[in-house]
Structure formats: C-alpha cells, structure tokens
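In the two assemblies presented below, chain A is common to both, partnered first by chain B and then by chain C.
Up next is the complex of A and B:
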C-alpha cells in the first residue's frame, strides 16, 4: 500500500490540460453512453413489427377471418417460445378490402406510418399483384400466402416471397398423374372465365397431355353467370372425368344443377376444394358430390392417421377434427389455405434468425437469407408437411392431397410427392438488384 | 360584381386550392404524401366526370371504362412495347378520348335514365372485355410495370416516376392542368351552352345550337380527362387490373362529385379528398366502415344537397363557377 501511494501521487502530478480535456471528453462520452446503449438495446429488444395485410372485408373476408385466427395462434406460440431472435412479435393488422388499389395503400401505410419490419399474409392474387410493385419500391419484404403462380412466374420483384403455400401451377400439375391413372384420360374442364380459371385450364391441359390424356372440352363460365344448366349439355359423351374449379357464391347452384343434369349416371368428377372452402359439405344441394374427388392442400378432416403436428396445429388454431371451429361446429375453416400463414411466420422466423436482422437497415440481408433457404421439415412449425424452397423463384413446393367425398366428409385417398408438383421455368429473382 | 372582380375571385379560389395542394408536399408525412398523389389523380377523373354530369346534365354510370381505357392504354403500352412513359401517357389519354367519342356516338342517342343504362352496359362490356382477353390483359389479376419501365430521360435528366417528389409534382401538374382546362371550358361560351343544355335542352336546340355536337364534345373532354387520370395512375403506381374497370369505379366519381358539389370546378377536388379521408378514418374504427361513410353521406345530402362548394355558392357566392 505504502509503495503504491507515491505512484498514485505521481499520476496525479501528471495531469495536464490535454489529459483533463480527454478525461472530460471520456466522461461526456460515458454520460451519453447510456442513451446510446439504450438505443442499441432497443434495436434488438424492441418488438419485431410484422404488417399483416388482411382481407377483413370484400370478397376475401371468409378467408381473412381464418387467416387472422391462424396468424394470431402462431404468433402466440412464437412469442411464448421467446419470439423471433429474442424479440417479441407484434402483429399490426390492416384491412385491404380485398382490393388491389387499397392493397398498395396498405403496404405504404405499413412502411411509412406503422414502420413495420416486413409485410405478410396477402391471399387474393389481384391484391398481391396490385401491392407488389409498391413493396418493391419501398424495399419492403413481402411474404404472401396466395397460392398464385405470380411469384414463381417471375412477374413480381425480388422483395416478394411465397414460402408457406404451394402455387396453383404446382398443385394442378401434380393432380394429373393420379387423375389419368385412376379416373380417366378424357377430361372436360369447367372453370371460371378469368385468370384463376385460365391458370387451371393452361396448366392442367399441359399436365394431362403429358400423362397421355386429352381435353374433351373446355367450358369457361363467364363470371356474371348465375345458372349453369346450358353448359352441361355441352359436355361431350366421351368425357371420362369432369374437372371443375368453380368459386364464389354460385358454387352451390352449380353443384345442384350438375346433379340434376346427370342424375345417377355421371362421369368421374374431380374438383378443387377452393370451391368449397368455408362451406359445410353437409349443406343442402351438395349431396351430389358424394363419391367425387377433391384436391386439398391440407386435409380438412383429421382422419384415422392424423399426425401429431396436425393435432398440435388444430388445437392451437381452434379447429376440430372436421375442420370447423371448436367454438362453433357450423363455422367451417379455410383449411387448405390458412396453414400458409402459420408456416410463413415460421419461415420468417427462420430467415430473420439466419440473417441476423436487427432493423430496416438489414432488409437486404433478410432477403438474401430467405433466398438461401432450401427446405422445411415437417413438424409443428410446418404441420402441412415437408417442403422444398426455391430461392431463385421465391416459391416453396410441397405435397398435395386427393380426397374422396364419402358421407359428407373428405377422406384422403392419395398424397402426391413433392416432385409431382415441380416444373421448369427460368425465373431468377436473385439477378435483380436489392 | 364586376367581371374583373369575379375573375380575381375565381383565380384566388382555384389558384389558392392548387397552391395549397402544391405546398402540402412539404409538410405531409410519407404515407399521406403518397395518398395525396392518388387523390390528385383521382380528382382529375372526378373533374372529367363532373363536366358531363355537373355541367351538361348527363348522368353516366359507366365512366370506369374511360378511366380503364387510360390505364390499359398506357399500362399495356409500357408492359408489352416498352413505350416511353410520356408516349404511354398520351396514348392512355387518347384512348379515353377515343372510347368516349365512340360510345358517345351511340349513347348520346338516348338521354336521362336510358343514357345511364346505356353507359352502364357499355362499361360492363368493357369490364368483361378486360376479363375475356385474359391472355393479354391478365384479367382480374392484372399487370405490373417494373420500376425501370416507369422512368424516362428528359433533356438529359432521368425522371423516375417512382420517386415520391417527382410523382407528387407531376400529379399536381396534371391536376392544375385539369383545373385550368375545366375553368377555360366552363367559363367559355361553349361552357355556357353546356349549362344551357343541362337546364333546358329543347330551348337550347331551338336557339340554334347543335346540341348533340356539344354533348359529344363534352363527353370527349370528359373521356380525355378520365383517360389521362387512368394513364397517370398506372404510371405512378405500376399496376393495372380489371377491378379498375368494374362498377364501383363508375360510382366513386359520382360520390366524389356529389360530396364536393355538382357543377362546380373546385367541388370534385374537395370531394375526392374528403371521401378518401372519410373512408380512411372510418377504417380505423370499424371494419363496417362503408356504413359509417354511408351515414355521413346521408347527413351531407340532407343538409348540403348541393355538396360542399355547391352549398357555399348557394349562400350568396354566385361567382363560384
């Protein structure tokens, strides 16, 4: 101690004006440091704000209600498990009215007013396509849950991803081998005469011809049609399979009139569940569908071989084994679509954690980290099943299901492989600048 | 009131409105900055609509076809033929004019309720055409324009239409131009003839005016402004889809004009602005926002049947055009 005292005193004697200024400067820096440290901490501990573009009103409202429930359930789980990269997730919801003009405004509002980290959840294709340009201009990562081919086709931009649900081209293409092998090869297609129906027409025609099948007739239905009786006599007699993909409020009339036309003598019938999402299969007029087949992305009815992750997912979203709300058995879910929100949120989690994303300045890192993802394993985070992800196309590929209507229920008869739904195209968003 | 004083007041009102909109860009937050671009473009559409319904007395229920003609005329030109945005804008406006004259040749054979029905039918046919030619238009899904396609060089300077400041000032320029066109038309002798047609078509005809030609010209200018608005919209926001050709887009300008003041030049601008924010604010309180908007509109119609500017004019401000 005695030896140290003089050294200490010697130090004191070395204080100069310059060192005093340095000391004051350092003290000032320290004084300011808490603010800086608080800011730095805020970057990592503030909630991660995700903009949820929801169809609360308009034609997509039935889907929107379930997209919301699924999203809230997934976020609750994510937050309970520690959030994303240690940050709690805050969902900021804005209704886009299922309108493309409003969709673009909502993206703007998320970016400019809510200052979200990214936007997700859009379903209807026209809203996605209407919103995507603004997302690109604002450099806002935009994760859609739409099943449209618009992302993989290369029509959008580098900021748009669809990692949680497969696209319509993949879905349609993967149906053809089973239809040709089990139902028949001469197919008459009945579809709405606008973009959604045209995607089915073009992709299924190519896929069935690849299987050695052929199209007996194409029957496009104008969107303003309210009665379908005049179309059924146009179905050629040699038709082995009717492929229908009607959507909207006219679908019950369509099925009823098809039943009245064919009676007990009918060809095989295959449809897309899009027609009957949120619709109870026990609804009057749908009896005719008994014995027909449907594509499902995720089987509405749990079935005997229900997986553990399916059970986990239903419990947390509040859906029973029949695909209805646990609170109201008449409230049928949009089961083949809404899982996309759940899975997309977990992909976002994976990408953010892989990128080291801290804030808006790291958006480019987030885009590149998402593009670097290659596969998602089946499990509680991906209850629909395992998937492959194509970083160039920004699109995932997965399994599809074919179910038969039996006693007002859908029973799975076939599960496709991921390869069944893959196709070639030259989309490469990674070539676009960030 | 002397003509000079009236002219001064007209200039003050409309110049002041335009100046206010120009200056707003310096104080508006980002979100509202973009909203104002949309509002100014849609106000041009409302101005075009008002020339027909407010000054000529022809109530169209099919104006979405002219707005959509501008959207598709410009949008498809850029998307498929890589047109310069300036060329695309001119083509879009011309498409609105051309379609209006074409429709007018048939629709103007009718009047009153029949005119409403015929214009609505034409608009529905136009809407279905955008769906039918899906391979080209991409129907309800629509087309996007890339960021690169929405910029052009002018005297060596690159004008990027996705740049917020450029977009705002070009939208303002379009609106200021449309306001000037409207004032020139409305205050000209031809404008007086249009008002005479609105008040008493038979009497105007008896005075020797070729009523049909005046109505066709009014429809043409209306289509031109609607087409210009559509063209600007697609170039500024990069998307065109068939929803813009659907019935709601024929009803919106009617609501904007009713709210602002039928047969007033400034009314459609005020109406478009107020309706946008009426919906925007109502959305924050309820998903049933259209009920809220409907209730407010009912109140306005009951207490201000001539709209905001129209009611002001009725209260001793007869100089307002």
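Up next is the complex of A and C:
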C-alpha cells in the first residue's frame, strides 16, 4: 500500500519538491542521483514537456492501461533522480482512441496546443503509420513503442525512432536458430490470413530456411474463423514443429481444439506470446499448452534467476513475479510490451542530455544525438536487457526469450543473442534532411 | 520534402506491418466463446415464447389485479426542484471546467467518466429503480428558471408547435448516439465539454422559448427517456390531496407504473425505438459479422475513423429497421383484431418496449462499467490529477481481471443474458395487459398481440446472439 506518495497511475508526473526529497533515496537506487545541488538547479528550469500518445480508449485500451502505468512509474523515478538534464519531466497525456486519424490530430495538438518537446508512446502499428507523417511534417521527435517493422523498414521519416523495443522482423528471425536446433526443422505455420500473419510467414520462412529447415505446410486461417477443427487434419504427418500465431477472441478456442485434435501425441509447438498477452495461462482450454514454447520479449514470470533490475522494475511498476498487478493477482499485465515505455524514456533522457537540448529550437540536435546512440547497457534503466541501437534505421536490437509452459507458468529456456535478431536492409534515415 | 515521400513508402509499410501488436487480444469475448452460449440463446428465446403462451392464457384482469397491489411505505416531503437542480448545475459546471482545463487523459479527467459511466451508464438504472430522480437532478432546470426570471419571461415565448412532436428529441438523441458510438473522440475531455455545453444551450433555449413543461415533455431526449424508465420503478409516489409538497410512497411491482402512462405519440414511439436501436447497434457493430459486412477485418480493427460511414448507416439503419418491424407487427395486429386504432395501438404497445430497453442497457453496459466505475473511484479521489489518494487505493487499482477470468465471465454473461430474457418476458406480460386495456377481451383481441410477441421472441434471439457472437470487445 502506498500511503502518501501518488499512485503510479496518477497523471500529474511533475512531482513536488517535498515528495522529491522524500524519494531521493529511491533515486539513488538507480545509481543516477546527481545530488541535491543538481536537483536544486532543476527548480529554476522549465519542466520538459513530453507528449504521451496513449491508447486510453479503443481497441488498444488493455495495452494502454499498462503503458500508462509503466510510463508513470519511470517518470516518477526520473524526476526523483533530478529529472532530465536537470529539468523535471512533465507528462502530457492525450488519448488517440487507437485510431490513426485521431492519432495525427493528437500529434498536431501536442505541437500546437501543448507545445511539447517531443512525443512518445504510440503502440499500435496502424496508429503509428497514421500519426508519424504528421510528426515528420511538424518536425516533432516521435518515439514509438510499437514493435512494428515500420520504423526499421524505412517507411517513416527522420523524426521517428523506436529505441525501446525490438521490431517484429528481428523477433521472428531470432527464433529460428533455436527452433531448428532444439525442436525440429520441418515446420507447419498456422497464422491468421492477413498482414500480421503474413509478416510471420515471410520473416520466419526466410529465417528457418537459413537454418537448413523447411516449411512443411502453411495454414492461413481466415480472420473471421472461430472454429478450427477442419484445419488440423491439413497438418502434414512429417511436421516436427507447429508454429502458431493466432490472435483475437478465437485463441482460446484454437488452443482447445488443437489439444482435442492431437491428444497426447503431438509435434513440438511454438507460439508468440502476442496471442496470450494479458491472458492468464490458467484459463480453461489452455491446459494443452503445457510443454509447448513461446517467444517472449520480456519474461512474464520472474523465475528463479530473477535479475536485480527485473525486481526493481516490477516493484516500481507494481507487477508481481507472475506478471500480474500487485493490486490484483488475476490482473495480468502486458508484460512483453510495456517495458518499452520505461526503456524509451531512459533513451530519451540519454539523448536529451547528450544533445544539450534546451528547447524546441534544438530539435535537430536531439535527432542527431539520438542517431548517434549505439548501445544501452542492461540495468535499472534497461531492465529487459542490453541493446544495440542502429542510428540509421532508428531501431534498437536486443535479446529475445524462449519460454516453456510448465504448470501454467512460462519458464525461460533460452535467451537469444542480439546477433540472432540482426538482418540486412538499406534503411538510412540520416540521409533525409532535417 | 518529407511529405512527398510518404505515399509510396506508406503503402509499402501498410502492406507489411499494419497489425502490430496482435490487435484483437483475447479476453472476455474469447472466454465467452468457450461458454455453452448456444443452449442459452435457444433456451432464452424459448422462455420468452413459453411465457407468452402462459400470459396469453392468463386472464388480464387477474394479472392486472396482481400488478396493481401496493404497499404503503410512508410520506415524504418533495425536495425543491430548483434547489437540487442548482446543486447539480454547479457540479456540472465544475465538470465542464475540468473537461476544458483538467487532464487531457479521459482516464484521469472527471468529465468523460461522469457523462458516460456515471450518468448514461449507471444513473439510468438508479432512475429505473428509484423513480424519477431526474425530475429534480436535471441541471438545466435551475439556470433556465433563473434566465427566464432575468429576462422577465414568466410565460413561454412561443407555443410549442404540435406538429413537431418529439422530433427535437429524436434529432438530439440521434446526435448523442452518434457522438457515443461513431465520433472519433467522444472521451476527449475538452471536446466532450463543448458537446455538453452545446446540449445545455439547446436545453436552456428550449425551456425559455417553449416553456419548461413543453420542452421537457417533447423536446428533451433525456428527460423523456428517463421519465419512461422511471415507470419501471417499484417506488410509486402518489399525490396527497391539498398537500402538493408531499407524496405518499407506495412499493409496487416493478413495471406496474407503466400502466399509468398514456399512449405515446408516433414521434414518441419512434424516439423510444431509437433508444433501443442505438444500444443494440453498439453491440452489433462490435461483432465479427457486422465488421465482415462492412469490409473490415475484425482482427485488425482500423479504428473508428475507418468505419464512420458504415456505422452511421448501421446506427440509423437499425433504428429504421426496428421501426419498420414494429410497425409491421402493429399492422398485422390491426388486421387480426379488426378493431385497433393504429395510432393508439402503436403508441400504447410501445410502452411494453421500455423494460426491453432497460434490459439491453444493462446487458450492453455491464462489462464496460466494470472497468469504468473503477476509474470513477480513482478519478473522484483525484479530480485535478494531482496524485491525491484519499481512499488509500493501491497502485494499479483499476483491474480488468473480472473480464479475463473464466468463472467471472460466466457469471457476467449469465447476468447479461438473464437480463435480456427477463426484459422480454416482462415486456410480453405488459403488452398483454396493454392490449387488453386497449382492445378488451375476446379471441380476436387476444390473438392481435401475437405478431408483437413473435417480434419480441425474435428480438430475444437477436439480443442473445449479440452477447454470444464473436466480437472485438
């Protein structure tokens, strides 16, 4: 229970002098506390205004709730440690309704009404794609937390960065070496038949073939399908691994019917946690997942070998060792995504402090300083792990995790190298004018 | 320079990466798909059918007698309408100021949750349970009276045109439903504050121009709707001769007061059906089936901006379809009875739709209220987003666990489906009595209600299907 300090969900993130003094101890835990002198200087500076484009409502609200909590927790720590470049951070939250058109309007509001220093936090790809062009036109630094490949693909513009979460191409590609080496080389892919599933199909097919594996069958499922029994007989007998990425309300039915189809005799099964993000693994129908494997960006269950930074991160966001809210053990967080907000804020801090940014006139300096970043060390600022940053692609690269379902929990069995998620492309945003 | 580059690269990007992260995450709707809802849908519709058969055989006089029983609870003094309205007006003014100048986040600003969750989502039930509290709480009454006094307009400036009927209420409620269901940002605090101000201005103008009584009875959609719902309440305040300041309070069977209502006008009938249509369409618009019809992949819902046209057509189209189906049932009833006057029959029997409207309101808003009312607790403790926590709420207080837990979802779904079935059963019984009042007894008169009962059974099927169908949540 948190008697005096604001809840992590509180929206006023510019903490008061009194509460800052109280929490200075927490700040020193980060190893960043610059001391009271620097903090005192902060009182004479205007706060940095960061626009937080949040999916408060709409289809992304379940993610948005946790993006907000993670952001508020990180900002509280940053402010307690003296802020960014000696300036306190003020978060201005605007809801985009998880809509691309509204997203562009919100970016406009950030620039013209709120006059923020930068915007961050956009999650859903279609909203990023709808909003990023406006950010570019307004020359507004735009830090997304989306995991889409749209940034690294070169499709956006110089003002858009994704430094706090890896992209889907990297995530999918990095799974192939371990799958080929440990589960099997003949893979049947079951995926929803639209862009999301096609990304998996294309990225993973290329990656598994590079490992000497092959695709036994591709089973695209129409998005409106809600019963899957007719598809399972199409899985070839020689299949060693089933790779599934079903999403939406049909996921539980899919897993249940797959279990009923195979019984105890089944190939190895590998999935992406996106299918079950914020879903309790103890949900009915998911028993069949026991002994199967999942990709995770950040392991939901702390496990026996929990790192100090993982513990620190969970404590401050209010998440327990099972990835659930500390206020309600059945309220499961979006653990594999929301760390991106926390880490992005610390990248923003690093970039602003490196650039000597003073105000909107220095935005070009901020863009160039962000592009000059090369790596982020694991620690309380980057609890998910160390990362490399590609300044030309505006995208970070990091470790991924493969976890096995055992007793309704996910236990990490493999951590990929950063190199496993590397790929070639010729994106170079630095060639665009500022 | 940058603008010129977008089209080609964006087309490439949209083709590649539209749907990250996995958009339609599984949750309550995924758990509902695991429930044996098919049995409930058929069972529920059968229950309405059987109840109709039973009611049909039940002599109306007996039913009427049962329903007219009341239990005297006591006498109360009526509060001053102006005084209560002044308080709610001040509260609303504070909310509008919060909307204009408070937090930009609808999950931290008191205006959106108050309008959508507290008032529209929840107060409707308070009204249906406790009776016509809105009569006192309406925040426009006190300032309108003050304005009339100020300009010296003790009498209405204009006579309300009879031909207008409830058309202003239909137009205003249509706009309200459009704002809630189709507008891009109905939760945006400042935007919502402007909408509330606009409505308030219209309400004030209506009351000053046409008089409080005329405008509230025919022009103001919320007063009309809430007054109708108040007639479901078991609380029956009865006037005391020569003592207008006090009321005798009787406890009656819920719905008994519906028989106190006079027949609605045709426009009033259309208005009431619009309230049912809008809540039904909100459910329909989230189903996979609807999204498929308008060419949207339900697994990558592209946002409200992509469905403005389709959903606008759907919202008003469903209303018109309900009006048409209702009119057809009345016409058929007229043919069977041989004695109904069409206008009277339409305006009388539509009263039986009121319990259905309330049931749909409950079934539809229950899941969203589970989350929203938690935000209300959080926000009311910290209305200025200063980090206050007077209730000592834990961090991450708002929890979605009830919507992600199989047993809880089973209970919630049963409550929703049960409400729909009970609403229709009550409606069938009410229609039976209204028909008897209108057409008397006799075989033809009794049979005349069959088309409307058949429509109610079909609508039960539709309502339960809405709850069971795959949807985007």
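Here is the rule we go by: the second predicted complex is superposed on the first by the 390 of 434 C-alpha atoms of A that agree within 3 Å, B and C clash if a C-alpha of one lies under 4 Å from a C-alpha of the other, contacts with A are read in each partner's own complex, and residues count from 1 in each chain.
Here is the rule we go by: contacts are C-beta pairs under 8 Å (C-beta built on N, C-alpha and C of every residue); 3 or more make two chains touch, one makes a residue touch a chain.
Small disclaimer: the values here were computed from a predicted structure and weren't measured.
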| item | value |
| --- | --- |
| Simultaneous placement of chain C and chain B on chain A, clash or fit | clash |
| Winner by number of chain A residues touched, once chain B and chain C are compared | C |
| Which of chain B and chain C A:150 touches, first, second, both or neither | both |
| First (chain B), second (chain C), both or neither touched by A:112 | first |
| Which superposed partner A:250 touches (first chain B, second chain C, both, neither) | second |
| Chain B versus chain C as contact partner of A:226, first or second or both or neither | second |
| Touching partner for A:129 - first (chain B), second (chain C), both, neither | both |
| First (chain B), second (chain C), both or neither touched by A:318 | second |
| First (chain B), second (chain C), both or neither touched by A:95 | both |
| Shared chain A surface residues [contacts with chain B and with chain C] | 56-57, 95, 99-101, 105, 125-126, 129-130, 133, 136-137, 148, 150, 155-157, 194-196, 223-224 |
| Residues of chain A touching chain C in the complex | 1-3, 5-12, 15, 54, 56-60, 62-63, 65, 68-69, 92-95, 97-102, 105, 114, 123-127, 129-130, 133, 136-137, 146-150, 153-158, 168, 192, 194-196, 199, 223-224, 226, 245, 247-253, 256, 272, 274-280, 283-285, 318-319, 325-328, 330-332, 337, 432-433 |
| Chain A - residues contacting chain B, complex | 56-57, 95, 99-101, 104-105, 108-109, 111-113, 125-126, 129-130, 132-134, 136-137, 148, 150, 155-157, 193-196, 198, 222-224 |
| Residues on chain B engaged by chain A in the complex (per definition of touch) | 29-31, 33-35, 38, 128, 131-132, 134-135, 138-147, 162, 237-239, 241-244, 283, 287-289 |
| Interface residues, chain C side, partner chain A - complex | 1-3, 5-6, 9-10, 12-27, 29-34, 103-108, 184-185, 187-188, 288, 292, 297-305, 378, 382, 385-389, 392-401, 404-406, 470-473 |
